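Quick one: the structure is below, and I'll ask about it shortly.
As written, the chain order gives the labels A, B and C, with residue 1 at the start of each chain.
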Amino acid sequence: MGYCGEGAPEKAKLMALLEVHNLTKYFGGLKANEDISFSIKKEELVGLIGPNGAGKTTLFNCIAGLYPVSSGKIIFSGHDITALKDYEVARLGLARTFQVYVASGDMTVVENIMVGCFMRTRSRSQAKTRAEQIMKDFKLHDLSDYILSELPVASQKQVAIAAAVGTDPKMLLLDEVAAGLNPSEIEDIMATIQHIHYNMEITVMLIEHVMELVMKISDRVIVLDSGQKIADGNPETIARDPNVVKAYLGERYVHEHAGELT
Amino acid sequence: MDILVSSLFAGLLIGMVLAMVALGLTIIFGVMEIVNFAHGEFLMVGMYTGLLTAQATGMEPLLTLPVAAAAGFLLGIICYFGFVKFVIRGPMVAQLLGTFGLMIFLRNLALLFFGAEDRAIHQGILVGKSFNIGMGVIAPATKLAAAALSVIAFWAVWLVINRTKIGKALTATSLNPQGARYMGISTERMNALAWGIGGGTVTIAGALLVNFWSVNPFIGLLFTMIAFAIVALGGFGSVSGAFFAGLAVGVITEIPGIWDFLTYIFNFGWMADVPMTSLKYMWVYLAYFVIMIVRPRGLFGWKR
Amino acid sequence: MEALSSALDFSDFPRLDMIIAGVLGGLLVIFPATPHSAFAMATMIQFLMFSLYGMGWNTIGGYGGQVDLGKAQYVGIGAFTTAVLMVRWDVPFWVSMPIGVCFAVIWSFIIGYPLFRLKGHYFAIATIATSLVLKDIFEVWDFVGAACGIEISPIKYNPPDFLHLIFKEDIYYYYVILGFFFLGILYVNWFRKSRLGFQLRSIKDNEEVAKSLGINVHWAKIKTYAIATSFVSVVGSFHACYIKNIEPEDTMSLDISILIALMAMLGGAGSLWGPIIGAGVLIPLKSYLKEWLGARAGLIGIDLIVYGAIIMLVSAVEPRGIWGIVEKVRRRKRN
C-alpha cells in the first residue's frame, strides 16, 4: 500500500529515506545531542537505544520538528526538513508517537484514529473507512466506540500507533511503546510493529528500553550515550560492542569482568 | 513640562497603590496557578470595609487598615475552603468561570446592601489637604499617604515571604508543589494561606484607595483588569515584579496627561481631538494584550 | 453534497434524544400560536439568540477547549455594522449582516493570530482585554454614536419590512431567529463531524499529538475562531434590528462574553446540545429571577446573586455541565 509499492525498483529500497547529518542540539548550555549522523534506508527497522538521558527522545523531537536543531541537517525522502515545523514534517510522511501519552478528553478509539486519517482526506466517510481498516489490522475493532482515556495504557499506545499509521506515513518514529507494559502486552505491541513494518512496508525507527524487543525485531541498532552516537550496526555486533557494554554497565564493571566479555 | 512631571508623579503615586492591589493576585497565581476574577471585588470589599468602619466609628480612615486586612484575610480563607478548593479539581474553564461567579456574587451582594451610588470619604485629617512639591506638582495628602502606606505594606509582605519560615514554605509550594509536599509542607494549608494573604493585601489596598477614590459595587472589574495587566507585566507569580509593574501601569493610567503634554509640544490639531481621557483604561488593557504577546513571562519576569 | 448529508445526519445520537429534540423543536415552531405573554416571547427570543451565541462559542471553546471570554466584541461588530449601515445608508439587513460577518472575521484574524500564541489562562484574559479595548474605542467613536450608541428609528420603515427586519410584532423576529437557530444546529452538526471538528477535538486533547498528526494547530484554531465569530456576528446584526437602540455598554460588555461561555459550560461544552440546554436553563432563569425578585420585590441585584451562586455551584460540582451528567449516567448504564 501507499508509497513503497512492490513495483518500486530494487534500487529505491537501498536509497536512504532519512539522513541525519551532524545534528547538534543544545538546551541553554546543556548539550543534548552532539554531532550525530546516520541514515536509514527504506523499509529498515532501526532500534535506537542508550542509557537514560542519552538524548534519544531529544533526537526524535529534533527529527520530527518539535525542537529546532542547533546545527546540522535532516533530509527526509529528498526534502530538507531541518527547519520545518512538526505538522509539516508529519505531512511529508514522517509520523511519530510520544513516550508519555496520557489520553484525556472524550474522543473514542475510532475518532482518535480518524484524526490521523483526516490528514490525507477531507472526506469523513473516507477517513472512517480507513480508520476501520486500520482497526481491523490492529485488532482494535472491538474497542472502536470506547472512550480512549478510559482504556488501559497498552490499548492507548496501540491506538496512538494506529492514529500515526492513519496519516499514511513513509516512516514512523516510535518512542518507547513498550514502556510500562507487561510481557503479554509487549508481545502484542511487537506483533503490531512487525505488522507495520512487513505488511504495511513502513520504515520504523524505535526508541526502546526493553532489550529483548529491540534486539529481536531490529534490522539495525543505533546506540547513543551522553548525546553522542557510540555504535551503529546489527543487533549481534552491538551486543558485543565494548563501548555499548561500557555505556550500559559502567566502566568499572567492564574492567572487572574484562575476561568474560569477549 | 509641568504637566508631564505632574502626570508622571501622579502615575507613580497611584502605581504604588496599584502594585499593592496586584500583590495578592500574583501570590495566589504563583502558589496555585488559578486566576481570581473576583480580585477586584475583594478590593471593593476592602474599600467598603474601610469606608464603613471609618464612618461608623468616626475614626481616622487610614487607621481602618487592620480591620480591612482582617476582613480580607478571612474572606480569602472562606473563599478557599468554601469554594476554590472544589473548583481547582476541575478543568481550567471551570476555574475561570467559577471565580467569575464569585465576582458576580460579591458585586451584587454589595449592590443589595449598599446600593448603586458612589460613596466617598469626606472625613479625616488629610482630606482636602495637599502639598506643593515644586515643578508644579501638587500632591493630595491622601494620595501621598496611601502611596507611602502601600509601599510599607508591600515591603512588609515581601519580608514575610522572603524572610520567614512560612513565607519560604509558600515560595517552595509555588516553585514545586510536589516537592514541597514531600518536605512536609501541606499544600492545602499553603493554598489557603495564599488566599488569605491575597485577600488581606488587596483589602488593605482597598482601604487605602477609598481615601481618594469613591466606591460603588461595579468598581471591581476595572481593578481586576488593572491587576491582570500588572501581573502580566511583572511576570505571573513574581512578587518583586509586581511592584515595578505596578509603577509602570500607574504611569500608563496617566497617559491622558502625557498626551496633553505631547499635544502641547507638537501642536497638531488632531491630537487635541482624541478623547484621551475616555480611553484612559484602554491603554491598560492594550498593555496587557501586547505584553502577553511579546513577553509572555512579563517584562520583569524573574520567576521561571 | 457529503457536507449537507452530514449536517442532516443525527443518527449517532440515541433515538430517545432525537424524539425529545424533535418534540422540543416542534414546540418551538408552534410556540407563538400558544397563548403567551409578551415577556415570555421576549425571553424565548433571548433564549434563541443566546443559544446561537453559545453554539458559536462551543466550536472554539467547547470542541477546541480554548476558553474565549471576548465574544461580546463580535456582538458589537455585527450589531453596529448593521445599525450604522441601516441608519446612514438604508442598507437592508440581509446585506449588512454579511458585511458585518466580514468585518468580524477580519477582526478575528487580526487579533486571533497573536491571541492563539497564548494558552490557558493567558489566552482567556487576553480575549477579555481585546474585547474591552474594542468597547472603549466604540465608546468614543462618534461615527458609531460613541457612548450613547445608535438608534434605528422604525418610523422610516413600513413594518413588516422583511428586507430591513423591522417589525411591530415580536412574532416575526421570533421566526427569523428560529430559522437561524435551526441552521445553526445543522451547521454545528456538520462541524463536529468535519475534519476541522476532529482536528479541534484532537487539539483539545493534546496539542503535541495533534501536531504530530499533521494538524497546523495555530491555523486550525484561527479558522475555528472565525467560525465562532461569524455566528456571534450574525446574531449581533439581528440584535441591532430587534432591540433597535444599541450602546457599547449593553452589547459589548464583559457580562455578555461571560454569559455566552457560561451557558455552553452549564449545558455541556463540546456537545451539540450543550449550549442550547444551557441557554434554555439560564436565560429564563435570569429573566424571571430579575422580573420576580428584582423588579417586583425591589431587591436589586438578588437575581444576579442567585445567578452567581449557580455559576459557582456548577463549576465546583459538575464542570462538564448538564450534558456531561447525562452522558455519565448513560455510560454507567451501558457498562
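Note that contacts are C-beta pairs under 8 Å (C-beta built on N, C-alpha and C of every residue); 3 or more make two chains touch, one makes a residue touch a chain.
Remember, it's a predicted structure, so these values are computed and weren't measured experimentally.
Centroid distances from subunit C, each centroid being the mean of CA atoms, peak for A. Each chain gets a centre from its C-alpha atoms; the one nearest the centre of all protein C-alpha atoms is C. Across the assembly, the chain pair joined by the most C-beta contact pairs is B-C.
Centre-to-centre separation of subunit A and subunit B, using mean CA positions: 51 Å. For the pair subunit A and subunit C, the distance between mean C-alpha positions equals 44 Å. Centre-to-centre spacing of subunit B and subunit C amounts to 32 Å, using the average Cα coordinate of each chain.
For subunit A, the set of residues touching two or more other chains is empty. Residues 61, 65, 67, 69, 114-115, 117-118, 120-122, 124-126, 128-130, 132-133, 136-137, 139-140, 147, 254, 258, 261-262, 265, 269, 299-305, 307-312, 314-317, 319 of subunit C are the ones that touch subunit B when the two sit in their complex. Within the complex formed with subunit C, the subunit A residues making contact are 64, 66, 85-87, 90-91, 95-98, 101, 103-107, 111-112, 114-116, 118-119, 121-125, 127, 147, 160, 163-164, 166-167.
On subunit B, the positions that touch subunit C within their shared complex are 33, 35, 83, 86-87, 90-98, 100-109, 111-112, 115-116, 217, 221, 225, 228-229, 232, 236, 275, 278-279, 281-282, 285-286, 288-289, 292-293, 296.
The touching residues of subunit C, counted against subunit A in their complex, run 2, 6, 193-195, 198-199, 201-202, 204-206, 208-217, 270, 327, 331.
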